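Here is the structure we will look at, set down as structure tokens.
Each chain gets a letter, A, B, C and D, in the order it is written, and its residues are counted from 1.
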Amino acid sequence: MYSFPQGFPDPAILAIIAALITGCAGIPGLFLRTAGAGQVIAVGMQMLAALLGIPAALALLFARATVTYTLNWGLPFGPCELAIDPLSAFFLLPVFAVGAAGSLFAVGYWPAAAHRSSERGLTFFFGLLTSSMALLVMARNGVFFLMTWEIMALSAYFLLVTEHEREDVRRAGILYLIATHTGSAALLVFFSLLVARTGSFLLPAAGSLSALPPMMMSVAVAALLGFGAKAGIMPLHVWLPSAHANAPSHVSAMMSGVMLKMGLYGIFRTLTFFHDPPLLWGAVLTVAGITSALAGIAFASAQHDLKRLLAYSSIENIGIITTALGVAMLGYSSHSHTLAYLGLAAALLHILNHSLFKPLLFLGSGVVIHATGTRDMNLMGGLGKRMPKAALLFLVGVVAICGIPPLNGFVSEFLLYLGLFSQLQGSSLAYIVLLAPALALVGGLAVISFTKLYGSVFLGTPRNSAAAHGHEAGATMLMPMGFFALCCVVIGLFPQFALGLISPALASFMPMATAAAGQSSEYMTILGRLSLLGILLLAASAAIALFWSLRLQRLPVLSAATWGCGYQRATARMQYVASSFSEIAISVFDGIIRQRSERPVLSGLFPRPARCVDLPSETVLERIITPAFTVAGSAFAFLRRLQHGQMHVYMIYIFATLFILMIWAH
Amino acid sequence: MISLADQFLVLVLLINFISLGTSRLIFSIRAVAAQGVILGILPGLIHPFSWHLVGITAVIIAAKGFIIPLLLNRAVRSAEIKREVEPFLGYVPTLLLGALFTALSFGFAGKLPLAPEHQNYMFVPASIATLMSGFLILTTRRKAISQVIGYLVLENGIFIFGLLLAEAMPIMVEAGALLDLLVGTFVMGIVINHISREFSSLDTSRLTSLKEE
Amino acid sequence: MFAALIILPLIGAAVTWLIPYDRLRPKVFSLFALGHLGLTVQLLSNTPPPSAGGWFVLDALGKIVLLGTSVLFLFCAVYSIGYLYYRRERSNRILCVGMLVCLSAASMVTITHHLGLMWVALETTTISMAPLIYFNRNARSIEATWKYLLICSVGVALALIGLYFLAYATIVAKVEPSLLLDDLVRDAGKLSSGWVHAAFVFLLVGFGSKMGLAPLHSWKPDAYGEAPGLVGAMLAGGLVNLAFLALLRVYQLCLATKEITFFQNALVSMGLISMVFAAIFMARQADFKRMLAYSSVEHVGIMAVALGLGGKAIFGALFHILANSLSKGVMFLASGNIHRSYNSKNTSQVKGVLRRLPWSGALFLAGFIAITGSPPFAPFISEFTIISSAFIQGRVVVALIFIVSLAIIFIGMALTVLPMVMGEVPQESESTSYRDTVWTVGPPLGLLLLVFLLGVWIPEPLMSLLNEAAALLEVPR
Amino acid sequence: MTNIIIHTFLALLMPPLLLGVIAKTKAAFGGRVGAPFLQPYYDILRLLHKGSVFSTTTTWVFRAGPIVALATTAVAALLMPFGAHPAPISFSGDMILYAYLFALGRFFTMAAALDTGSSFEGMGSAREATYSCLAEPTLFFALITLSRLSGSYSLSQMLANVTPGAWLYAGASLLLLIGGMFIVLLVENCRIPFDDPNTHLELTMIHEVMVLDHSGPAFGIIQYAAALKLFVLGAFFIHLALPFATGNAYLDWGVFIASMLLLAVVIGVVESVMARLRLVRIPQLLVAATILAAFSTLLIIR
């Protein structure tokens, strides 16, 4: 079954080579004197890698086979296996795509000429990050997995602190580093337990383990902590908002679009080990997922920092994916294959979608920040007039991420809804259908958040001079965005092909479910209807637009200032800003969303100018983790008195040790 | 002879108590010197005569009995300190602890099997007791001098045990003894002089600037 | 051959003593270090048979420590060329001589199988390092020297009486009295357990305090904090390993006496205590050199735990000897540069190192990542080996304490190191002429490359050497 | 085939009539004669022949608003069965598309409003966003209940399965459902007590304030889209409230039209007898609706 036409090189080799190329992408720049040359070379190499890697990954995906290479390395952890199965191949796609797009974007966004000091490191670590993630999904040796994992985490850190002169960037960096390292500690436990179980450092083969022994529960917990922290599942998400907000935008795109997915990949990979996952696991994943989705989007709706909003929406999307996966596992464990199939399809497809529209949005935010020099949406506005192309592409991303037809975001949520409804008839899992209204709520909140985002950034009139003088982005920045937007539209209009794309990965992950559910053809037809209606929708809009434009040609058209409802001196500062837009929502969801507000007291007939500040607060971090650290810190400070510099007490330490050991010995 | 050796060991123990109990530095230096001399004589009592033995005895008496005390005396004089004021632990409790440790060491030694030829000596308990006294001085005194004294007493304890091995592995014992003397005398002597220069005092309770705040 | 290894540094000491020029001395010093490394490699490649009636034997354990020490020493020596150039204000005669004497004694420790001789050599290293800690000639350094000297001497004295106990055990057991490791191992079965146990305890405490296991470590932060960077590197990367080697010898003995369990448990508990101590003291540590000292406490703890765990962890322990000394070298040499350039080791003054000393800052950062056990650096290999073998043996509690303290230590170090290297140089920080030069940056860079290399690929001969050494410490079934 | 043609015709032509009926009812309650039933048609036609004014701040997004709003509603109309007759397009899962189509229309309407940069329109879109977000779960609970009742996943079948028979064994939950859905119907179409289509105080408006700047044909399109939306949601509602089918195709069309008009009258009555709610009350009522629907779902799943 695994055979490629003669004359073609083995795609797996190509993929590995591509991974290595991306790793080297930044190296020439380190040694070249001329500024920017390295950047251009890096783009070239990343493009080359994408051109090699993506077709190779697709070929492997559709070959539905597992290619394994064993290389002997000089480390005492057994042979190092690299393997690409459909699941890996599927996860390879976004890695190469975003890697290439991001590096191209950087040329315009982070020009070497303007950032001599930081550009080299940025380019180098960006390449390193790409290649580490590519190798990560191929790794089948636990230690090699950990290595690539850590390299990924560390290079992401160095990318994040590119502007380390800024205090908040440093703080975000430290927070991220601490979080990711704690996660890695959990992974150490995870892999060690696996080694203790299997006796080999190679990852267990699919379905080779049983989840029954109690020790497996700790394996699962360790995996959930380790991978969940990276994926940003609540409440392990604390590092995510500040990290995504403070990194350069193409880095945020990479982190949010791909790196979070690596955490999910880990969870997927872990689940493949077991042939009998208990219902509990699915339930845990589902609860964690829906919590992240709801809380994440609720927080997002309160933000007025452009990139923090996007970051929180990443948490939401990860939550949706996790929910879908959890639902799939529930279906798998209870042998209701339709549910398993639909949930998994939704999860995989949403992974693909999110790694398309989230990079699009982050790159877009990069364009905006590049133009206005601020991240605060309350200061923007009216950019749609100044950067029409970017605005259009950004709109595509916004509609997609809201999960609204006819774009791709809707498709994956649609599949998930189908799955939830499918259990309604006399199944033991009937109650999971109650997730549907929750998802609907998530969707509604998403619409709030992104209407606010798009409205306050691109629409209306500029709120400060920077926004007023915003300029259209260059081609190198628009092309990557265009690519992602195109993908979103295509998947949205022809979802059946997307389903075809993910089905190999699906089959390799849950063979029996796919086989038994088998109705993939049925869902093909349903999705076909979706695409039909999507096209119908476009046609209808086009018809109406045509009709209207015909009318407009006949009739007089004037243009005037916006009607101020009788008020004549409407200024830009009177517009609804981002904060005011989400005011109502916050008041409704008070308790979930908290924000520190400073409301000035106005007095007198002519009160002097005052400003009102709303700062949405990161509940988990500020209420749980920071206090915990403070307590630990003071406790340690107390214990540190043991080292008080008094010699004779040091002597006492020594002899006390001697005595205790003596007593112990005899 | 045997009884003589034991009586000398008792003397050693008494000297321990003296150095534990006294507050006058000069006096405790003399006490340690005396202890050194006794330790120098002891090998002569338990081993048959040999020139090598004489050499050892001479060296030890010279070093432990005269050179070190002289160095310490000079240090004391240069720093103009007479007595150990307010030790971390009072003299009476120190003495009591010393008594307790001596008793314990006798008990401890009783547990351990001895070679027949040493059955009726009290080398082992004496050495442990001396060791402990040294430790007590080290932990209860403030002055750097007293701490060196404590270290020397501790060394003497070890040396006493070494006597049991003297004929089995002479080189070993001598090397150990001499190296300790090296540390005890020269290096510490030098450091002490530096300290008295830096701090114009030998009060180690001033040497507490290096610590965790 | 063995004699040469010991005598060459002594000759070097004599020569450097005679050289009157401070500029020339470090260069000669480095030449001797190079020669010593040459000899070492020569010895490792073709090992001579035991000589002097089994007093001098170079076995796999000795080889590992010797290699690590010699390599580190060479890098420190080369570094001293650049470093001492900036310290022209005072003579460096004592420093060079002391280092070389210490090197000779260290070589002695690694190649002798006679415990008494090994003890003498260890004591010599202790003494020879004392004046080096006092290099800066100020109140703080004299205090540090005093504490180092007194505590280590007491410790070593305890070790001595431990050895006496061993020897006496042979007398009691009516076997030919000796302190040769091989004889002891041979007769271990006959020795009376009372004396042997007492001996083990005293030796553990003695060598432990020299090695700096908590709570015997109290001299470490002071000495490391006040000593110049390269002396600190030698202390943390060299002397620690010698003490550990001594413990390994004791361990071999315990194996022979079949009473290993107590010793193993003692090692594990002391190791864990050290790691927890390190974790506690590392948090909010404002003095980056003291932080390094506590990191060293942590790593001796790791080695002790690994040794106590036995099994596959032994390999980890042995590999960690090299990994730790090389990474410590990077950290200490880089920190020496930073200290000199800011003339302060308090993180309140030291900020934005990447701005002022790009190379040293980067090296310090990389060293931090390496020493906290992140791949792709060598310490990760050893630490993961240890953790996994702990889990394989079902010592879950040990493993968890181990991992948690590692995590806390990482956080603590990160909170000290990252604000240090990043950001802008504060205005109030003292400006000095000290900047990165090839001589001050090259050695730590070389060490870092080694650490990285060992992190991704262990050369075949080294691998076989490690396995051979681990075999010596296998618990016989 | 004929059914599809009739369906299309009704969807295209009938909606404004409902507005007319509502207006007439209110006039009757007010003791006035009121405008003729066909007044809304006249209005729309007149607007289509008027010139238009565009604010200088607006971009193409502003123009996209009405277009998308109408297009989405029209497509939704194709998914909605009228009376006993199945919808022209029907596939399992179409109810989800149905729900999300309105979200799309809403999104563009709000974007268009924000595009004008007017504080009032911003206000309106903020309210619209929040309230519709709160209304969303109710609709889904309704869909769940119906899907469970009918055992199918497409609007046509699940609505066709709501019969007088169904009322006999699931009456309680259907009753709750009707309560919830009626509230949703009123909110989604901005009727009193939630919103007043022809108030004159912008501060209190929700939907109308968003379209302040639309003029001429654009406003005509918006008016028509609003009517169509009322029609489509109304069709959904009468399926629950008046699930009568005769079996004769043409008679069923009659029944459908009659019941739609009846619905219009009911809405008119409500609007006449009730006052407009304070804005702060609206979320509470919406949550109440959600709870009603949730209860009906639980009743039916249990």
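As a working rule, a contact is a pair of C-beta atoms (placed from the backbone, for glycine too) under 8 Å apart; a residue touches a chain by one contact, two chains touch by 3 or more.
From a predicted model like this one, the values you see are computed outputs, not experimental measurements.
Taken together, subunit A and subunit D share no touching chain. When the interfaces A-B and A-C are ranked by how many C-beta pairs touch across them, A-C comes first. Centrality annotation: A (chain centre taken as mean Cα position, compared with the mean over all protein Cα atoms).
Most remote from subunit D, judged by the distance between CA-atom centroids, is B. In this assembly, the C-alpha centroid of subunit B lies 101 Å from the C-alpha centroid of subunit D.
Centre to centre, using the average C-alpha position, subunit A and subunit B are separated by 70 Å.
Note on chain placement: the centre of subunit C and the centre of subunit D lie 79 Å apart, centres being C-alpha means. Between subunit A and subunit C, the centres computed from C-alpha atoms are 44 Å apart.
Within subunit B, contacts with two or more other chains are made by residues 111, 138, 147, 204, 207, 209-210, 212-213.
Residue positions 640, 642-643, 645, 647, 651, 666 of subunit A each touch two or more of the other chains. Multi-chain contact residues of subunit C (touching two or more other chains) are listed as 146-147, 150, 154, 194, 198, 221-222, 281. Screening every pair of chains for touch gives A-B, A-C, A-D, B-C.
Every residue of subunit A that touches subunit D in the complex is listed here, in rising order: 381-382, 384-385, 388, 391, 395, 399, 402-406, 410, 414, 417-418, 421-422, 424-425, 430-431, 433-434, 436-438, 440-441, 443-445, 447-448, 451-452, 454-456, 458-461, 525-526, 529-530, 532-533, 536-537, 540-541, 544-545, 548, 551-552, 555-565, 570, 572, 574-576, 580-585, 588. Those residues of subunit B that touch subunit A in the shared complex are 88, 111, 135, 138-142, 147, 204-205, 207-213.
By the touch rule above, subunit B contacts subunit C in their complex via residues 111-115, 127, 131, 138, 144, 147, 151, 154-155, 157-158, 161-162, 164-165, 168-169, 171-172, 175-176, 179-180, 182-184, 187-188, 191, 194-195, 198-199, 204, 207, 209-210, 212-213. Taken together, the subunit C residues at the contact with subunit A in this complex read 146-147, 150-151, 154-155, 158, 194, 197-198, 200-202, 204-205, 208-209, 215-216, 218-219, 221-222, 262, 266, 270, 280-281, 283-284, 315, 354, 369, 372, 374-376, 380-381, 384-385, 387-388, 390-392, 394, 399-400, 403-404, 406-407, 410-411, 414-415, 418-419, 422-424, 456-460, 463. Interface residues of subunit D facing subunit A in the complex, by the touch rule stated above, are 48-61, 63, 66-68, 70-72, 74-75, 78, 89, 91-94, 96-97, 99-101, 103-104, 106-107, 110-111, 114-120, 122-123, 125-127, 129-130, 132-134, 136-137, 139-141, 143-144, 147-148, 151, 153, 202, 212-213, 216-218, 221, 283, 290, 294, 297, 301.
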